[in-house]
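Alright, structures below, take your time with them.
The two complexes that follow have subunit A in common; it is paired with subunit B in the first and with subunit C in the second.
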Partner chain A sequence: MPTDNGSERVEVRKAYKLYIGGAFPRSESGRSYPVSDARGRFLANAALASRKDARDAVAAAYKAWPGWSARTGYNRDQILYRIAEMLEGRRDQFAAEVAAAEGLSRARAAAQVSAAIDRWVWYAGWADKLAQVLGAGNQVSGPFFNFSVPEPAGVVAAVAPRSSSLLGLVSVVAPVIVAGNACVVLAAEDRPLPAVSLAEVLATSDLPGGVVNILTGAVAEVAPWLASHFDVHGLDLAGVEDPALAADLERAAAGNLKRVLLPEREPDWTADPGLTRMRAFLEIKTVWHPVGI
Partner chain B sequence: MAVFEYAPAPESRAVVDIASHYGLFIGGEFVESEDGKPFKSVNPATEEVLAEVTGAGPRDVDRAVRAARAAYEKVWGPMSGADRAKYLYRIARIVQERSRELAVLESLDNGKPIRESRDVDLPLVAAWFFSYAGWADKLGYAGFGPDPRPLGVAAQVIPWNFPLLMLAWKIATALACGNTVVLKPAETTPLTALAFADICRQAELPAGVVNIVTGAGGTGQALVSHGGVDKVAFTGSTEVGRQIAGSLAGTGRRLTLELGGKAANVVFEDAPLDQAVEGIVNGIFFNQGQVCCAGSRLLVQESVYDEVLGRLKRRMATLRVGDPLDKNTDVGAINSPAQLARIRELSEVGEAEGAERWSAPCAMPERGYWFPPTLFTGVTQAHRIAREEIFGPVLSVLTFRTPAEAVDKANNTPYGLSAGVWTEKGSRILWMAQRLRAGVVWANTFNKFDPASPFGGYKESGYGREGGRHGLEAYLAH
Partner chain C sequence: MTTTDTLADVATSASALRRFLHGLPGVDQVGAEERAARLAARSVKATAKAFALDLAVSMVDLTTLEGQDTPGKVRALCAKAARPDPSDPAAPRVAAVCVYPDLVATAKRALAGSGVRVASVATAFPSGRAARAVKIADVEYAVAAGADEVDMVIDRGAFLAGDYLALYDEIGAVKEACGGAHLKVILETGELVTYDNVRRASWLAMLAGADFIKTSTGKVQPAATLPVTLVMLEAVRDFRAAVGRQVGVKAAGGIRAAKDALRYLVVVNETAGPAWLTPALYRFGASSLLNDLLMQRQKLATGHYAGHDYVTED
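Let's look at the complex of A and B:
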């Protein structure tokens, strides 16, 4: 855009930082790494998260989880829907970022953004329906009232898929939090910018700070700390492409018997997600009480 | 007060016919081992040798897995759900018909009172097969898609505390879903699993659908790490469960784990105290406390502490410890010398760390493995007897003032299998049930099980559920 003296306007660039406990800190390590677009042109410097950042993120998630899981389904439903509303309002920005990150045409990038928005809406509606679909009234052979309900496992650490920097990320985070879990997600290593922008959407959607924490950095460096952390209850390896690293992370997760969701071979993030990703991080609780007078 | 003495009322063991030697049940017949070593199964109440059993080696395990694979591909996988159901119904009926014999055999091999094997274990075994038989042709309605598929060959390793019941939980579910199995019973309690092999023959279950390999930890390790299995199911200690989970990393094989526990049994001041005391006793002395979901941490509200403790000690003093085959016996034998040593060690640690020990005054037999019903008072959350699973008739008593404190203390454990709540106030029951991080919450009851009721833990008590519609998930591809 021409300015008064006829030259191009110098644009205001954004600093891409982490998202921990509802705030946007830089890495405590002071490190960053350059992020390029699909053709190798410099886009921005992203924060290179450290072990301590990962631990801070887990601490924030652990703190946020009880309050979030105590919200009503209706309330979580509305907050996830609010995320979709906020995302809708910033379609153009996300389409540009996804296009740059993944080397897509503007139209195909926009389709990814639309699918991501619709995914939030789809998962939002599950918040008050999971107990009916996944729970049960159990007809036991005796004078007892007996029912089963799904409950969140707790804190889930996820590695977001590289192949789909926004839709894939949303498809991993939404099923974790809709049921009341808190989440620490490691963004796609070389395509982290849509994730950081998504954090800005989350921060303005009435989602309590700490429910979703987003880290950017090296998967091989940060993921092992999340996989071995004893305050993490579930691990989603969606974005771990190296089978040896995935096996190492799964082995580390056995330390406190985390629930682990293994990466799919060729995931189609546009397909109907089904219940699998929600069910993976839910516990079934069964309550008995005698019937009598 | 005059107390009438009980006359002995022993159940006859003439109904069981124990062979002197057992082979392995592979491909529908008993075969001798290729590379294993025999071992002996002992009656823990008398130290009498009951039978010589075969410890399967890796080659034996491989044979069993291949038999299960062949049966899966040729017979059981392609069979209709309706036909699988009929085989499972047959098994349920034969278990009912032979339940007296199986109950006596279970008590002989395990040491549990006949009252429990007869009235709890065996009825549940039959119910489990009967209930899951009905699922075999209804899997498309279970919520795992319209046509859920079996996984293939399941490797199943079960513990010694409920030998035949754990077999039923594992085998009934796996078979209903269309899988075939290789099951390893515990080293010290193989006999009812071997009797079950005979039931499979009587039911004319196709050869190789169920294979039983007996042995110790090495046999189990060979089985769960065998490359030819699609699914591993383990019930046992958290330590071994952790090792199995680690060893399966990277294989993509499905795993369910039902592991240890340190359940809190929370008694509020308004609880029906007579029932609560019965529930506390049932919670920790059922099956000699050798129960993963045992209510081993009693949390009593301070205002009723003295009253609950007084009633509890009076009740414990009436427990009859002794001959498992005596129909009046409440508490039987500890299953093995190794388990007895662990119970003794942790009890000594309890005293050394400053808790006060009280054991019910009871005479115990000279031979066999015995431990009296025991409770510890003055226990803090830091004590090992409040943190570690003892797996014996030892209760740790702690106190609380407010419901919030009860929740914090109950949840202060890496385990999360079960919990108990005793109060007459309905809203408080539901408030507690929402906050207790445990897979099963018993309110104004304890240690109840049913094939229609999902069972399994949070956190380090394992993952997956057994029982009900939820139990099917562990054996279906979806």
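Let's look at the complex of A and C:
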């Protein structure tokens, strides 16, 4: 389009970067890789994360986790709902990115975005209800109160599914953080652009930096470092399609007894998710308390 | 730059001392910072890294200098100093534990037979604002309680006012009160404003009998920086060339990452030389640095990133 002085306007193109500790760094390795749409046409270059980016992301998550888990469920609920508000304001951008990544029509992509926002709101509502549903006041034969309460496991590393670049990503991230965990998520390798846009939403929604960290890059390169990292307490392998790699990652995760979530087959991301994904990264703590006089 | 002849009588009068300190060559500020930045970019990998991490652990003065320090906390710190990584018997012990004078006896008992030394801050740490007699009493108390090393703070007010001879005398008096204990002189470089002042204070402390010169108390920002440490290492190198006595350097405050510690070691090696790469002549005053060093050691040994749950909290 010609500008006022008659010259062609130069389009301002976005640099797709990582999201670590609330900031948007490039990969420390300086690498990037081309991302194409479903028909093989070039879309953009995304940052190709290295093991050191994964290390930095875990460090950021580990730092953010105590503060995030100490917040009330009610407050986490509000912040997650705020994220949904921001998502709503960017519907068109997400619809275009999902359509390009997955080769969907605009209408079907828009439906995916709506489902993703609704999923986020659904999870947001659980923040102050998990303790009531998963916890209990237990009967004991003695002068004690006995409570079981769910507590977040800590830092959870997740590999986002490729089949559903936004709804699947949201379905992996939201259940981890709603319960008070911090998250490092590796976006789908060849469909990372919606994840980077989600990072922009998270950065502008009162979510403390480091609670969610988003990496783009090669799953086979980065995931093993996350799986073996001793500051990671849970591992969600939803997006690992190679069974041999999944088995290796599960083995590496055993080093510090990470909770590993590896469904037998990829879930239907449009179906009602239930509590499974939230329960997977919660520990149940049982407390005995003497009854006062 | 100087000969032993002139050094013999630099402190005979206030004017002679001033003439000598102000006659020291000026520090090229840009040059020092560039040099430090360039050395910081050196890559230390694999076996060199393993060596440097172990060396850094053995150079740590594990420090707790809080108003809320308790005997229990000091004992826990001493246990950690003697065996930093219980999961690895090959991990070296640290050089010393650094506490306030009233906790020296506790630390001494906890470290008996471990080979870890006990250092005590003294002379109205951290401000250094007290009467000379009080400062000397502080030192004598620490030494009587068993301190192997005394970390004194200089009177920055006297230094900045140009009262060099008073400071010289004070360091000399403290040195005498130390008896057999090693004397580390804290320059508090964050309050000395210029690199020229850092160089002058370094020479002043060494002339007055310091066994170590130390950057900071850790209570003032900025604490240790790479260029300041570089200037002090140049001073100890030049002092050895002039006098023949080797003085140690201790960088304290703000060094939290293993990567930073390795940068300091590179600067030590390239400035003062490999002769200083020993706990007898180079130290890190730190508390949280040790955990990061241990986690990096574990990463090298196991091949995966180590976790905070596998090192003790201070």
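In this section, the second predicted complex is superposed on the first by the 279 of 293 C-alpha atoms of A that agree within 3 Å, B and C clash if a C-alpha of one lies under 4 Å from a C-alpha of the other, contacts with A are read in each partner's own complex, and residues count from 1 in each chain.
One rule holds in what follows: a contact is a pair of C-beta atoms (placed from the backbone, for glycine too) under 8 Å apart; a residue touches a chain by one contact, two chains touch by 3 or more.
Just so we're clear, the structure is a prediction, and the values are computed from it rather than from any experiment.
> Return first, second, both or neither, reflecting whether A:Ser228 touches subunit B, subunit C, both chains, or no partner chain.
second
> Please work out whether A:Arg71 is in contact with subunit B alone, subunit C alone, both, or neither, and reply first, second, both or neither.
Once the two structures are laid over each other on A, A:Arg71 reaches no partner at all.
> After lining up the shared chain so the two structures overlap, which partner does A:Lys63 touch, if you call subunit B first and subunit C second: first, second, both or neither?
Neither: A:Lys63 stays clear of subunit B and subunit C.
> Can A:Arg55 be said to touch subunit B (first), subunit C (second), both, or neither?
second
> Once the structures are superposed on A, label A:Arg259 by its partner contacts, choosing first (subunit B), second (subunit C), both or neither.
first
> Quick one: is A:Pro243 in contact with subunit B, with subunit C, with both, or with neither? Answer first, second, both or neither.
It touches subunit B, and subunit C stays clear.
> Output check: A:Gln139 vs subunit B and subunit C. Expected answer is one of first, second, both, neither. What do you get?
Touch partner of A:Gln139: subunit B, not subunit C.
> In the overlay, work out which of subunit B or subunit C sits against more residues of subunit A.
Looking at subunit B versus subunit C, the one contacting more residues of subunit A is B.
> After overlaying the two complexes on chain A, where does the subunit B footprint on subunit A coincide with the subunit C footprint?
Residues 255-256 of subunit A touch both subunit B and subunit C.
> Looking at the complex, which residues from subunit B come into contact with subunit A?
Touching subunit A from subunit B are residues 127, 143, 238, 241-243, 245-246, 249-250, 252, 257, 259, 414, 429, 433, 438-445, 448, 450, 452-456, 458-460, 462-463, 465, 468-470, 473, 478.
> How about subunit C: which of its residues touch subunit A in the complex?
Going through subunit C, the ones touching subunit A are 303-310.
> Would you pull the subunit A residues touching subunit C in the complex into a rising list?
It is residues 55, 58, 62, 225, 228-232, 252, 255-256 of subunit A that touch subunit C.
> Taking the touch rule as given, give the residues of subunit A at its contact with subunit B in the complex, in rising order.
133-134, 136, 138-142, 144, 146, 148, 153, 233, 243-244, 246-248, 250-251, 253-257, 259, 262, 276, 279, 283-290
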